[in-house]
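As C-alpha cells, the structure follows; a few thoughts come after it.
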Amino acid sequence: MGLELDFSVVLDRWRSLLDGATLTLELAFIAVVCGAIIGVFGAIGRRGGNPLIERLCGAYVEGIRNTPLLVQIFLVYFGLSSLGLKFSAFTVAAVALTINVGAYTTEIMRAGFDSIVRGQIEAAEGLGLSKAQIYWHVIIWPGIERVYPALTSQFVLLMLASSVTSQISAEELTAVANYIQSETYRSFETYIVVALIYVALSFVMRFGFWLLGLALFPRRRRLGTPL
Amino acid sequence: MNISAIQSAPATNGIAPVVAMRQVHKSFGPLKVLDGVSFEVARGEVTVLIGRSGSGKSTALRCIDRFESIDGGEIEVCGRRVDDAGLDLRALRLDVGIVFQSYNLFPHLTIEENITLAPHAVKGVPKAEARALAAKVLAQVGLEEKLHAYPEQLSGGQQQRAAIARSLAMQPKVMLFDEVTSALDPELTGEVLKVIEALAADGMTMVMVTHEMGFARGIADQVVFMHKGKVHEAGPADILSLPSTPELAQFVGTGL
Amino acid sequence: MGGALNVNHLLFLGHGALWTIGLSVIALVGGGLAGFLVALGRVSPSRTVRLLAATYVQLIQGTPLLVIMFLSFFGLAAIGFNISPLAAAGASMTIFVAAYLGEIWRGCIEAVPRPQWEAAEGLALSRSQRMVKVILPQAIRIATPPTVGFMVQIIKNTSLASVVGFVELTRSGQIINNSMFEPFLIYSIIAVVYFSLCYPLSRLSRRLERTALQKKPALA
Amino acid sequence: DLLDDIMAAKKIRISTDLAIPPSGMMDSSMKPVGSDVETAELLAKDLGLTIEWVQTTGATRIPNLQTNKADVVISTLSVTPERAKVIDFTDPYAALESVVGGLKTIEVKDWDGLKGKTIAVSRGTTQDTALTNRAKEGGGFNVARYDDDATMVTAAVTGQADFIATSATIVNQIGVKNPARAFEPKVLITTFNLAMGVKKGEPRLKAKLNEWIAENIKNGKLNAIYKKYHGADLPANMRGAS
Amino acid sequence: MNISAIQSAPATNGIAPVVAMRQVHKSFGPLKVLDGVSFEVARGEVTVLIGRSGSGKSTALRCIDRFESIDGGEIEVCGRRVDDAGLDLRALRLDVGIVFQSYNLFPHLTIEENITLAPHAVKGVPKAEARALAAKVLAQVGLEEKLHAYPEQLSGGQQQRAAIARSLAMQPKVMLFDEVTSALDPELTGEVLKVIEALAADGMTMVMVTHEMGFARGIADQVVFMHKGKVHEAGPADILSLPSTPELAQFVGTGL
C-alpha cells in the first residue's frame, strides 16, 4: 500500500502537544485530588448509618458508574448553560471529571474501609478515641493503603478518559491531536505520537503515585509488605 | 443451681467496688447470653472469669466497657452507671483499659505510634511527653527495644505485650483482659502472664477471662465461674481446688 | 435541519443500542478468551512469558482505547491488511479487554492461598492438574464479581467504535442531536439506555460479591 | 487504476460525515441528506454507479481514503497547501463563506469589536486556522474549539458561546433552533473552496471528477444543491469562472 | 553444644532408612535455617521433631518433600535422592504424604472429591474404586458420614482428619505431619491425635512436628530436638524425661 509516514509535521508542533499534555495532567490532577476527597466522604456516607445519606451516596455512585463519561460531560456542559450558567470549558471538564472519578473512588474506598476489621475499631474505641479520630487514624489511612493499587489504576484510567473533554473545547492532548491531524491530515503520525505520549503520561502517573505511596505509607516503605 | 449464683456476688470490703455488675441481662436476638449476672470487683483486686466456651464471659467483659448495651440490670464502673443512656462513653474508656485476644494493634503504625496515639489524641498529652510515656510502658512489659518496629515484625507474645502497653499508657483505673494468651504458644504465654503478674503486684484492678487454670489459681483474688449465662459459683481462688458445684468440678477437671 | 423527536429517531437509537450490545458480547467473548491466556501468562513459570504478558498489560492499559481502535482499523489497512470495521472493532476490544481481564484474573489466581497450591503439589498432581482441578475452580469464584463489574466498563467503552464507522448508541445519539440540537433531551435518553443496560450488571456484581463473602450454610 | 475498478464494480464508495449539518445529516426519517450527500448522489447517478456510504467521523475522513476504505471523500473538505501534501483535491465543487456570527443583541461591526470575546469554532477547520493565526497576531480574542460544527452549534444554542466562526448558513440556523438566541453574521473571514478528496496517485479519477464538476457548475446543478441547503448562491466568481 | 548434634543421627537398625537427612544446609537469604541437620527414620517408626518456634522444624519437613530445595548435604527418601536436580518430583510425592497445620482441603470439592481427586488423576484409579478407597480411609479417621460434606461444613478437627485421610488415600510410604493439631482446641486435638496413634500402631512410617510433649512421649520411637537450625539432641522418647542438654531441659520445662 505504501503509506509514507512523515512525523516531522507532527513533531514540529511539539509545543502544542506539550501544552495539551500539560492540560491533560492538570485536569487529571484536579479531578484526582477533588475526587479523592469526594471518595473519602462518599465512602463514609455510604457506610455511615444514616439511611438517607446512604441512599443518596448509593444513587450517586450507581448513576455515574452506569453511564458514559461523555454523556455526563454533555449533560453538565449543555445542561448548565441551558440553565443560564456559563462556565469555561476547563471548569466544566474539571467538574465533570471530578464527579465521575469521585463515584469510582467512593466505591473503591468503601471497599477499603470495609476491610478494616471490627477488632481494630473496637480497640480504638476502647482507647477512648472519638468517632472522627477513629475514622482518621484507624479506618481512612489503613483503608486507603489497602486499596491504593486500585485507586492508582482508577486515576490512570481517568487520565486516559479525560480525552473526551476535547468535545467541549477543552484543549487537552486529544484535542491538540485532532487539531493537528485535521490541519495536516497526518492522522497516523498524529495518533502514533499521541499514543506514545499517553503511555508515557500513564507511566509518569504510576511512578508519581508510587512515590506518593512511599511518602504516605511509611510502613509499606520500610517493610514492603501489603497491609 | 441458681442458688449459688445469687449468693455469689460481694467480694469487696466496705469500700465502693471499682466494677459492679448487678443482675445483668443480655440477649442476642433469641439467645440469652447473660441471665442475671452479678459480681463486684474491689480496688486493686484481680478477678478471673472462667467457664466454658459460649458461657458469656467475653460478653460480660464487653458489657463492662459498654461494647455491648445490656437489656436489664445495672453496671457500675468507677462510680459511673454504664447502663445509663446518657453515659459519657469516652470518660468511661479513660477509666477502663481493655485488651483482646487478637491484639488489635494498628498495623500501619509503629509500636510507639500505637501507644502514643490515644494519649495524644484523647488526652492532649504533648507528643514528646507521650513518647516518653511510651518508652516507660514498653519497659514495663519488657519491649523497650521494639519502639520503632511495626506490629507484624513482632512475635505473637510481643504483640500482645505491646497491646497491653498501649492500654497502660492511658493509665486506666481498671484493666480488662479477654483471653489474652489463647492465641499464643506456651512459651509466649509465659511472657504475657509475667507482665500481668507484675501489674497485679503493682495493685492494678483487673478483670480477666482466661483458660489458664494454673495462672488463675496463682493470681486471682476472686474467681467467677460462669455457666450458661449465669454466675454459677464465685469466691476466692480456693474454689478451683474445692469446687462446690459439680459443674465447676467438671470444668476444672477438663480444664487441667 | 431539525424536526421533533419521532419514532424514526427512537428506532435509530434502538439500532445503535443493538450494536452496543453486540460489540459488548464480542468484546467479552474475545477478550475473555485472550484475557485467560494473559492471566496464565502472568503466572507462568517461564520468566520470559511473564515479562511478555506484563509488558502487554502495561502497554495496553496505558493507551486510550480510541487509539487502539484507530491503529487496528487504519493501521492494519495501511500495511496491507484490509479488515472490516467489525473485525477491527472486535480485535481492538479483544486486545483492550484482554489486558484488563487478564490482570483481574491474575489477581484472582494469586488470591488462591499459597497452601492450596502446596497441598495440590503434595498430592503429586501435575502442574496442569493443579491449575484445572484445584486453582481455577477457586479462582473463578473470586473472579466472578470483578468480572461482571468490568463488563459495565466494556459496554460503555464500545462507544469508541464510532471511530471505525460503527453507529452504536452514543454515535447514533450524536447524529440525531446534530440534526436536531436537543442535546439535553437526547443525551438524557442515551444516559437512561446505558443505565438500563449497565445497572442490572452492577447489581449482579454487588450481589455476587456479597454471596462470595458469605459462607455456605452448614448442612452436616 | 481506481477509476477502472470503480467503473467495473459499478459502485463508488463515498465517505461523508453525517453529523455535520447542513452538509451531511439525517432527516427525520433517518435518511442521509445534506448538500454533500446530494452532490454525491448526483455524481453517482451521472456516472451510472451505486453509492456505498462509508460512515466516518471528522477525524477519519482522510485515513478512510488513504487506506482504500473509500474512493472519494465529499465532506466539507476545504483546500490548503498543507493538506494537499497528503491527499489530492479536485477542483472546488462549492465554496463556503466563513463568517464570525454573533448574538443579535451584541453590537459588533469589525474585528476590533471582537476584542476580548471568545469565538467558538470547529476544531482544525480552515476557520480555526484563520482565527488562530489572527489571534496570535494580536487579534485580541480567544478561540474555543469544539470537535465538530454540531457541538459548536449546540454550544451557541444553549448559551455556552456568543460568537461562532462558521458558514453564514449555520449562523442563521441558530435563531431557528432557539429564538431567544438569534445569531447574525458579523464579520466576514474569507471564502474557502470546498473540494472532493481522492487518494494521491489517481490522476484519471481526479480528472474524471474535475470534468464532472466543471460540467455541473456550468449547468447550475451544483449551485441548486448549494442553494437548497445553504440558502444562498455559490460565490459569483466560482459560477462566472466556469 | 554442637557435639551432641553431630552424634545424634542413626536410630536405625541395619535396614536402609526410609528417610535420611545428612548434613543438610538451607538458608533463606542471609538467614541460615538448617545448619547441618542429620537424622534417619527407619521403616515403621515415628520420629517427632520438637524445638522452639523458628528452629527450622517445618523447613526440615518441607525439604523432605522437596517443597524447599537445599543448599548442601543430602536427603534420601525411599531410596531416592531428593536433592538430585533431575528428581522425579511426582514419584517422590507418591511415596510421601504431607499434612499441614492449616488442613488445606480444597474448599470447592466435597470431602469425597477431595480424597478421590489425586488417586484418580495421578494414579489413574477408576472413579468407583477411588470412591471405595475414600470411604475406607474416611472410616479409618472416623469420618465416614462426612463423605458428601464440604470442608467448611466440618469442624477444625474433622477437617484435619479429612486432610489426613486425603493423604492416606494415596497410600504413601511415609507421612509427614507439620503441627497438625496446633490450630485446634484441646478437645479437637484429642480426635486427631487418636487417628495418628492408630496409624502408628498400623506401622506407618511418620515424621511429625508437634508441640504436644505428652503425645510425643507416648508415640515417638525417636525424638529429634532442633535448636537454632541444628539437631541439638536426639534419641528415644526418654530424652524428654532425662534431657542431656540444658536447652532441651529448658524447652521441656516451659513446654509443659
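In order of appearance the chains are A, B, C, D and E, and numbering begins at 1 in each one.
Basically, contacts are C-beta pairs under 8 Å (C-beta built on N, C-alpha and C of every residue); 3 or more make two chains touch, one makes a residue touch a chain.
Given the structure is predicted, the values throughout are model-derived calculations rather than measurements.
Visitor: Minimal path length between chain C and chain D through chains that touch?
Guide: The distance in steps between these two chains is 1.
Visitor: What chains, if any, are shared contacts of chain A and chain C?
Guide: Both chain A and chain C are touched by D, going by the contact rule given at the top.
Visitor: Just grab the chain with the largest centre-to-centre distance to chain C, centres being mean Cα coordinates.
Guide: B
Visitor: State, to the nearest whole Å, the distance from the C-alpha centre of chain C to the C-alpha centre of chain E.
Guide: One centre to the other, that is 46 Å.
Visitor: Let me have the rounded angstrom distance from the C-alpha centre of chain B over to the C-alpha centre of chain C, please.
Guide: 53
Visitor: Return the distance between the CA-based centres of chain A and chain D, expressed in whole Å.
Guide: About 37 Å, centre to centre.
Visitor: What are the residues of chain C that contact at least two other chains?
Guide: 70, 74, 77-78, 183-184
Visitor: Check each residue of chain E and list the ones that touch at least two other chains.
Guide: Counting only residues that touch two or more other chains, chain E contributes none.
Visitor: Among all residues of chain D, which ones touch two or more of the remaining chains?
Guide: 59-60, 63, 66-68, 151, 154, 158
Visitor: Could you please specify the touching residues of chain C with respect to chain D in the complex?
Guide: Residues 1-3, 6, 8-9, 11-12, 70, 74, 77-78, 82, 162-167, 171, 174-179, 181, 183-184 of chain C touch chain D in their complex.
Visitor: List the residues on chain A that touch chain C in their complex, please.
Guide: Of all residues in chain A, those touching chain C are 1, 3, 62-63, 65-72, 74-75, 78-79, 82, 153, 156, 160, 163, 174, 187-188, 191-192, 194-195, 198-199, 201-203.
Visitor: Chain C touches which residues of chain E in the complex?
Guide: Chain E residues touching chain C: 65, 67, 89-90, 93-94, 96-98, 100, 102, 104-109, 117-118, 121-122, 146, 149-150, 152-154, 163, 166-167, 170.
Visitor: Going by the contact rule set out above, which residues of chain D touch chain A in the complex?
Guide: 58-60, 62-63, 66-68, 80, 82-83, 86-87, 120, 123-125, 128-129, 144-147, 151, 154-155, 158-160
Visitor: Which residues of chain A touch chain D in their complex?
Guide: Answer in residue numbers: 1, 3, 9, 77-78, 81-82, 84, 86, 89, 166-169, 171, 175, 178-188.
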